[in-house]
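Next come the structures, one after another.
First chain A sits with chain B, and in the next complex the same chain sits with chain C.
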Partner chain A sequence: MNSSEVLVVDKLVKYFPVKGGFWRRAHGQVRAVDGVSFTVQPCQVFGLVGESGSGKSTIGRLLVGLYRPTSGTITYRGKMQMVFQNPGSSLNPRRTVGKTLELPLRLHHKGLTRKELRQRVAELLTQVELNPEYANKLPRSLSGGQKQRVAIARALASDPKFIVLDEPTSALDVSVQAKIIKLILELKDQLQLSYLLISHDLSLMRNVADVTAVMYLGKIVEIAPTAELFANPAHPYTQVLLASIPVVSVEEEALKPTKRLVEGEIPSPLQIPQGCSFHTRCPEAMEICTRVAPELLTINPDHQVACHLHGKRGES
Partner chain B sequence: MTLTYKQLLEIKDLTVDFDRFGGKARVLNRVNLAVAKGEKVGVVGETGCGKSVTMKAVMNLLPTRRVTVGGSIFYKGRDLLTLDRFARRQITGKEVVMIFQDPMTSLNPVFTIGQQMEDIIGYNLAGAKRGLRLPKRLRQEAREQAARFLAAVKLADPERILNSYPFQLSGGMRQRVLIALALANQPDLIIADEPGTALDVTTQAQILELMDQLVQERGIALLMITHNLGVVRETTDRVYVMYAGTVVETAATDALFAEPLHPYTKGLLDSVPKLHGQGLSAGIEGSVPDYLQMNPGCRFYPRCPQALPKCEFEPPEPRSISENHMVSCHLIG
Partner chain C sequence: MKFADFRRKLAQYWYRFSQNKASIAGLIITVTIVLVTILAPYVTPYPEHAGVFVDFRNTFKPPSSANWFGTDQVGRDIFTRSIFGYRFSLIMAGTVLGIAVPLGVVLGLVSGYFGGWIESLIMRLTDIVLALPPLAMAIAVSAVLGSDLGNTMIALAMIWWTWYARLVHGMVVSLRNEEYVEAAQIMGASKLHIMFREILPNCAPAILVKTTLDAAFVIELSAGLSFLGLGVRPPEPALGTMVAEGARYLPANWWMTVFPALAILVLIFGLNWLADGLRDVLDVDL
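Moving on to the complex of A and B:
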């Protein structure tokens, strides 16, 4: 690990066995994450986009240790925490906000007195812009946005350096989403945090992430600084994704690649196509794509893409 | 009986009260909304602002106990609220159909797609008689029609799909099946509740394009409820913005997105992350208020950044700004 990075993920692989039949024998595997490598710098927001089934949430769960990798390594500095998508189900409905926040505090800071605990809980709530009196409330009396703030406070309780945000705002209204994202970014600057932001909302990614990686069927197909990725999408899949975003103004319309739609849906991760996994839906698929899986190639400094359309063009 | 009517669906001063433990909650407050024949209309707003309640009132899906519905809902010139439930059932579910949000839960998991489609198509082939036992001849015909509708929503291999159970299909395919089911009765109006929100962007784009094409071809009117402003802009002709049970602004879609007038509409549009990436806006302060403690004046008053003193006590009346553009706000006019 280089001295500057907070997270290095190297050739991460996660296969899930598919069990079935009378003896529940494994008779196949889902290649959820298939050789993913990336690094995250301090105070950076690393974005991971992709459709459902692309493996982005699996990566988040692998990072915090909810799954064990099949192979590959994850190296990080400091503590890591996670904020889940649905605050309604990630908070215990029978536990007050205060109790929810005390638990990680007791685990990570042993020997705090009750008074100190209460004080720390109040601090955490203030940090996420909630009234400290909320400590006595149950999750059901909070709105969606407030619940997500509590979930963020809980993640902060153990003083992490790195937080995995798995679709932190997709269950919320846009007007609330803006506030939560603002809070997340302010906390990042205040506490010198780094984030892995998992989302399917590309417009959100454009505004929040420093670097964005696009995933398709367990692999990163393109990775670049966010502004570069949106200005010069190189992979046909990225172009299709960008063209599909519904936008709210004419100016934004001009920023999208020209409209193209793909046929069909993302294939099942049980049967990943041979060669380039996108070739079954790709508008520009060539013969080679059905046979050879493309490697990630650097086309610009910091901009990598895994596609046969780029790279070895000069040779053939 | 033929009546002359201008609008296909016209909701006039619709008011819905829920009897709650703590008192009466006015969930819809004098909602006016109209859809012309073949028109595509969007309704947007946050969660809990009354979009779905309005549609449920049209479809007669609101609970009958502890709910009071006032005003009128004209469909082809007839007030649905004055019809008895049998007459109403000839319209809702047949001429007016609804596509629900979640394609995962709107299909029955223990019947094949074929069985479910045959029942619905056969019910109407048999003249909407009660009871679902169909003569063999009709069942055959229903199945053929079902296959045709599946082909119309561009599902490859309709025969295989008719024989599959919902869990064997992907989200996008299920959503297509629901659209096929909605088309099966040859409706005049389709009400779509958040179509495609449960789907991925690429699939959502496909579904919206398909719906657009189908309603265009068949001259079906579309009333789309969604909180996704981008989807509304790309698919509808006219749009209503709802807040806390009231329509705060309505205009032609292009006009509304180019020049929103109501502070709520502005705030909502501002909150959407933009593709040019110049950072995020601050959003709108607070959240949708408790219906039991609604501000007596403008319902947006507690959250409005530009509120005037009179907004607290005086509810704003809708004002016409130009043809088709109406706003309910004291700041305007």
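Moving on to the complex of A and C:
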């Protein structure tokens, strides 16, 4: 681990066995994460985009230790926390907000008195812009945005350096989303946090992430500083994704890449295609793509892409 | 929670509970019977009739103001004996469920949360025990161990835990992947904390409702057992035994059978109605 990085993920792999039948024997495996490497710098927002099922949440869960990697390594400094997608189920319906926040405080700051605990809970609530009185409430009486604020406060309670944000706003109303994102960014600056931001919302990524990685069927297919990625998308899949962002103005429309996806569903992660896993839907698929899986290649400083279109350029 | 909040919440619960008149009746019946039973020596007209007592001048008296439920073949007051008979019912329900509920709940939590071979072992065991008819099992245990009260209660408890293990296991399996459980895991909470503090409170309403229903069920069953002569022996009154004894003097001395039988029914209905009310208040779907 380089002295500057807060997180280094190296060749991370997670396969889930698929069980079925009378004896519940493993039939095959879901290759949810299939050789992913990246690094995150301090105070950086690292964005992970991709369609549903591409393995984003699995990476988040591996980072915080909810899953054990099949292989590969995760190295980080300090503590790691997570904010989940669904504010409805991420708070225990039978525990008050105060009780929910006390647990990490008790576990990470042993020997706090009751009064100190209550005071820290109030501070945390203030930090996420909630009234300290909310400590007495049950999640039932909070709105989605308020619940997500509590979930953020809970993540902050153990003084983490790194927080995994798994679609932190996708279950919320649009008007609330902006406020939560603003809060998350303010906290990052205040507390010197780094984030892994998981989302399928490209406009959010464009506004928030410093670096964006695009995932397809368990692999990173392209990774670059966000501005670079949006300006010069190199992977046909990234180009297709960008083409699907709704645009506001005519000028913007003209600037957009216009690639279309080849007909067809995203393949099941149980049966990932041979060669480049994207070739079944790629508008530019070539013969080599059906046989050889492309490696991530650096095409510009900090810009890497896994695609034979660029691989050929690299060879010549 | 502040006191005002607490009162508001209580008022809300009470409102939902009181929407159903039967549940109020159930609450009143259950509380009254429990109180009267605890205070039996002080509130019954002839507490000495509970045990060995003979008064040949007053045998087979029909109901009257002196003996509300009449008297039996040795002149004992049936009202007094019915109240004392509740003692047996309540001790039975309390002991059986007092063993079975905690045992079943803990085994259900452990099997649901840990999974794997522990789960297989515990769930196979419940399958086996549940395959046996409870009354037959109780009779079999009583036959082997002798038909004393303690053995009967142990026999019932040894069957009863299985339903709680299943109920809780099912709930835990669906709750263990809730994100709040995972959040607690990430924070480094112990397995004990997660099982008992995060998961169990979410199972508590269902457990409470089932326990109330089962109290009625155990009482019914123990009445059945004492009717068959298992469990208690005279002279201590058990409502089932009283019904069985009274049946020998039917139809002329009908009160000897009818009143103890009604006493059992009232308690069973009361508990069932109470359970219905709790189900509404706690939003339980059993």
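The rule is short, and it goes like this: the second predicted complex is superposed on the first by the 303 of 316 C-alpha atoms of A that agree within 3 Å, B and C clash if a C-alpha of one lies under 4 Å from a C-alpha of the other, contacts with A are read in each partner's own complex, and residues count from 1 in each chain.
The rule we apply is simple: a residue touches a chain if its C-beta (ideal position, glycine included) is under 8 Å from a C-beta of that chain, and two chains touch if they have at least 3 such contacts.
None of the values given here were measured: they were computed from a predicted structure.
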If chain A is used to align the two complexes, do chain B and chain C fit next to each other or clash?
fit
Quick one: name whichever of chain B and chain C touches more residues of chain A.
B
Considering only touches as defined above, state whether A:82 meets chain B (first), chain C (second), both or neither.
second
Thinking of the overlay built on chain A, is A:265 touched by chain B (first), by chain C (second), by both, or by neither?
first
Taking the superposition on A as described, I'd like to know which of chain B and chain C A:91 touches: first, second, both or neither.
second
Which holds for A:65: it touches chain B only (first), chain C only (second), both, or neither?
second
Partner chain in contact with A:163 - chain B first, chain C second, else both or neither
neither
Chain B and chain C, minimum CA distance [Å, superposed model]:
11
In the complex, chain A touches chain B at residues 51-52, 143-145, 173-179, 181-182, 200-204, 206-208, 226-227, 230, 240-241, 243-252, 255-256, 261-262, 265-266
Chain B residues within the chain A interface of the complex:
46-47, 170-173, 200-206, 208-209, 227-231, 233-234, 257-258, 267-284, 287
Quick one: which bits of chain C touch chain A in the complex? Just the residue numbers, please.
1-2, 5, 178-180, 182-189, 193, 197-198, 201-202, 204
For the complex, give me every residue of chain A touching chain C.
61, 64-66, 80-82, 84, 86, 89-96, 100, 103-104, 107-108, 136, 151, 154, 158
